[in-house]
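Only one structure is covered here, and it is reproduced in the block below.
Chain naming follows the written order as A, B, C and D, and within any one chain the residues start at number 1.
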Amino acid sequence: MKNKINVYLIEYAINAILRQKSKSFFIVFVFTLLTFLLTSVFFITNSIRYELDSTVDTLPQIIVQKIKAGRHYDIDVDAVDNILEIAGVSDAVARVWGYYYFANAGVNFSVVGIEQYENQYKNSFDKIASKFDLSEIDSKVSMVVGHGVKETMHDSYYKEYFNFIKPDGTLKRVNIAGVFEADTQLESNDVIVMSKDTIREIFDIDESKATDIVVKVANPEEIPMVVSKIKLIYPDTRIISSEDLKVSYQNIFDYKSGIFLALFIISLFTFFIIIYDKSSGLSSEEKREIGILKAIGWRVDDVLKEKFYESFIISFFAYTLGVGFSFAYVYIFQAPILQNIFVGYSQLKTSFELPFIFDLQTLFLVFFLSVPIYIAATIIPSWKVATLEADEVIR
Amino acid sequence: MSSDLLKKKNAFVELVGLPDLAISTEATYVRHRSVSDIFSIYKDDGTLREYFPSTYAISHSHTMNLHSTNLHAIKKNNEK
Amino acid sequence: MIELKNITKTYELNKNDKVVALDNVNLTINEGELVVLKGASGSGKSTILSLIAALSKPTSGEVIVDNKKISKLPDNFASVYRRDNIGFIFQKYNLIPTLSVKENIILPLVPLNPPANEIVEKLDRVAKMFNISHKKDAIVRNLSGGEQQRVAIARANVNDPKILIADEPTANLDEKLSLNFIEILRELKALNKTIVIATHDPLFFDLDFVDREIQVHNGKIIL
Amino acid sequence: MILTPEVLAILILNAIFAFFGIIAFVLSVRIFLAWDLNSVSQSQYILEKQSFLTATIIKYIFVIKVPLFLFFIFTLDKISNVLTGAMCAAGVVDATVYGTYLFMLKILNIYIFAYWLVLHNEDIKHENQPYTKIKFGIFIVAFFLFISELILEGIMFSSIDIDKMVSCCGTLYSSSATSAISSIFAIDTDVLLYVFYGNFAFIILFYFLKQKYLFAISNLVFIISSIVSLIVFFGTYIYELPTHHCPFCFLQSDYYYVGYLIYALLFIGTFYGLVTGFVKNSKENIIKNYKISMLFNFLYVILLSLYPIVFYIKNGVWL
């Protein structure tokens, strides 16, 4: 058992790869492209998931929705008082929010209502919104919009205000008081924040109804208990905890990149069948070469080892190249084109930066999906080569 | 991500209380899918099929609803 | 030293068609002897060489080298035996054209993974011996025929084998180079190596340092 | 069904393993039945060539299998995020009835494959290849274990129900639980430690006596006694928590991945210990195996013993 690395054999293997320039180039090119694509998809999903995970903890721990006939329905505001009485609940707020479809641009805005004149909101507005005038949101009917919303409204010549169409067909004019900072585009792009009263007017929601109720629990250990109690009081509700959301994210991304992977595997195998074919068809040149090696004393195991080095070097090189390219592509160039799969073709384009995540497991994952499969494709051809009749060289 | 930016983002999410990223706004059920239900695809149109590229990559949860009812947790607690 | 006992070798072309390459051949070659196998192509000379080198196995009979039965060695051990005992000089040099002279010469050493100084030592010895030191880093493809021949001989000797086997060594050489080769052979013979040459080149006949000439005809040795 | 990319990758590699495994199996059967080194027939010659392919395939599977085993644990750890209640790999293993068997089968197979490779290396050192028939015979048996591992793995992943609550390792490996594993907690800790260190003392004794069979057997027992004592006693000191017994959690980054070191030491130490008894070997090789086994077992014992000692020095009490 010699564990020393045989430098001369590696040198020979590299020479053998370089000797077949066009074949090696083809393999490296396709292999790099495949690993590049796969790694890029993983990197993008990882970044998006990281973005979600880093903010999910600030969400309210529990969201209570009313379900009627299997569909989401407006919940009674009175429920807040009952929920507040449950031990462990530190806060419960009835929220009003919804989607406003802006037909001109063909997009949905997420319209979120907040309580007016609340100091805590003003503080956070200071932090996250620019061009913002406090007095204006207090005195007039106004809203703070995301960057994408502002752009879309501008395109339709709404610069100072916007006319919402109410369910009865009349218009509701709301002034644009401020814009959320571009930094938070990934979260805020399509959001409009305005007072609850204005929202109720636009969507025609009764004072006694709300979209959902968010509940804050001081001790996270108590969340399941609180959930079950709410469920007992209101059997017609669906209760989502922030823990559920996390699990749901993980599932979604795994599921989706899993499907991508499943499709990807087909192209991977096609490639390896080509490799198998290419490495099985030996030129007389190659046959002679192996014959020489065996005649001058190379064992079958030595030839196999050399062939293994060859395929390992070429596949590992291409793997590193592919991963390197995708690092640059995703994190330096922000994944042009491929990003579209994730952001869709909506009109409200966000421009955002994918946060840099170094995830060792992804690298392992892509490694296991490429290098061993490639080496597997070369096992049988290598064996055929290594056990060729050596006496042909002198026959 | 700088901690400053992270703080800003967290402040925004806390204000709005909606969990998802604004990267798919084509259909209501894609944005904030975690707080919508599996039927919400039909809200836009009864015959709608998933056809947006972004619903392919990011869609509403497939496993969430069973979970979110927390039936198991409740059962467990009731047994106790 | 080398003993072929009742060797028969048949090649199966297909199930019903067999070619008898060697038919009950007995041959003994002593240590330090230079033997020339003569005969037309297809007569069985090359088969004898490949049996001595354990490149192929006899259909029946035994090959014994240095008191060791090599005719039934498993593949890997046959290779080790060749590496330690046999130097090969082929008809077409059989070098790897894109490698340098140095890399070609050390090829037999590569699987052993010896320390660097051992490689340099062995390389220098044979490169000096066969007058190729000055071209050590040249790519083989760019060398002249004579130089390539010397590289091939250097490679065959890099492990200092006891037995040298040459298969039609002068078939691709002009007369001047062939005479050069014969001079080299004389030197090798002086080093007390056992040399077996298969050839039909008349230049080898009646040389003063050839110990024996053996005529092979239709798979049989004619004395 | 759980369709994460990691699980898919494992399944794909399993498919490749199965494909090559079947080739190796068919060839092994042929070689096992018809191997005759003295024959000069064409068929024997072909068999000799095929033995190279079989050996290459087995080497390939083993070389990929070992890092893949770590990746498998890695994956279980990741899936544990999705399964509510599971905090680490143990929860996932317990999520289905197949988990525990799969795990044991995986470890067994790694031992068998490693054993096969040692046998193979020894075999090809000799001109008459004395172990060829035995080693391919062993592979025929190993193949069935291997295939059942692959099938079991597929079944396990497909039967994990993401919506099902699973037990966290806290309830699995605690003295109050009633699972099969928990029965080991009935053993008195003192007795267990006597067995563990006593076992190790026997290993040292047989090392100096050079009793290779006894050495191998005491190594075999050592696998069991060390894993049990790891769960019952040493684990609690790694976590510095008297109630935490999980043998998987210390594979996580919170404990500096020390678990990989622990299991690697144990595997290498006991494996070479077993090799001394089960593979006929040249004298110097046996001595080398003795030394490797002794060294790694020694490091294992030292490493584990350090945890309680350091804890005692730091806190002045035992758990």
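By our rule, a contact is a pair of C-beta atoms (placed from the backbone, for glycine too) under 8 Å apart; a residue touches a chain by one contact, two chains touch by 3 or more.
As the structure is a prediction and not an experimental result, all values here were calculated from the model.
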Chain pair that, of all pairs, has the most C-beta pairs in contact: A-B
Distance-to-centre winner among chains (Cα means, whole assembly as reference): D
Gap in Å, rounded to a whole number, between the CA centres of chain D and chain C: 50
Mean-CA-position distance for chain C and chain A (Å): 64
Separation of chain A from chain D, taking each centre as the mean of its C-alpha atoms, in whole Å: 36
Averaged-CA centre spacing for the pair chain D and chain B, given as whole angstrom: 42
Junction residues of chain C, two or more chains touched: 75-76
Two or more partner chains touched - positions in chain D: 49, 52, 84, 124, 162
Shared-contact residues (touching 2 or more other chains) in chain A: 247, 251, 255, 300-301, 387
Residue ranges of chain A in contact with chain D within the complex: 1, 42, 243, 246-247, 250-251, 254-255, 257-259, 261-262, 265, 300-301, 304, 361, 364-365, 368-369, 372-373, 375-376, 379-380, 382-383, 386-387
Chain C to chain D touching residues, read off their complex: 12, 57-60, 72-77
Of all residues in chain D, those that touch chain A in their complex: 2-10, 12-13, 16, 20, 49, 52-53, 56-57, 60, 64, 68, 71, 74, 78, 81-82, 84, 121, 124, 162
In the complex with chain A, residue positions of chain B that touch it: 1, 5-28, 30-32, 34-37, 39-40, 52-59, 61-65, 67-70, 73-74, 77-78
Of all residues in chain A, those that touch chain B in their complex: 45, 48, 51-52, 54-60, 63, 65, 67, 70-72, 95, 97, 99, 101, 107-110, 112, 114, 121, 124-125, 127-128, 146, 148, 180-181, 183-191, 193, 212, 214, 224-225, 227-228, 231-232, 238-242, 244-245, 247-249, 251-253, 255-256, 340-348, 350, 352, 355
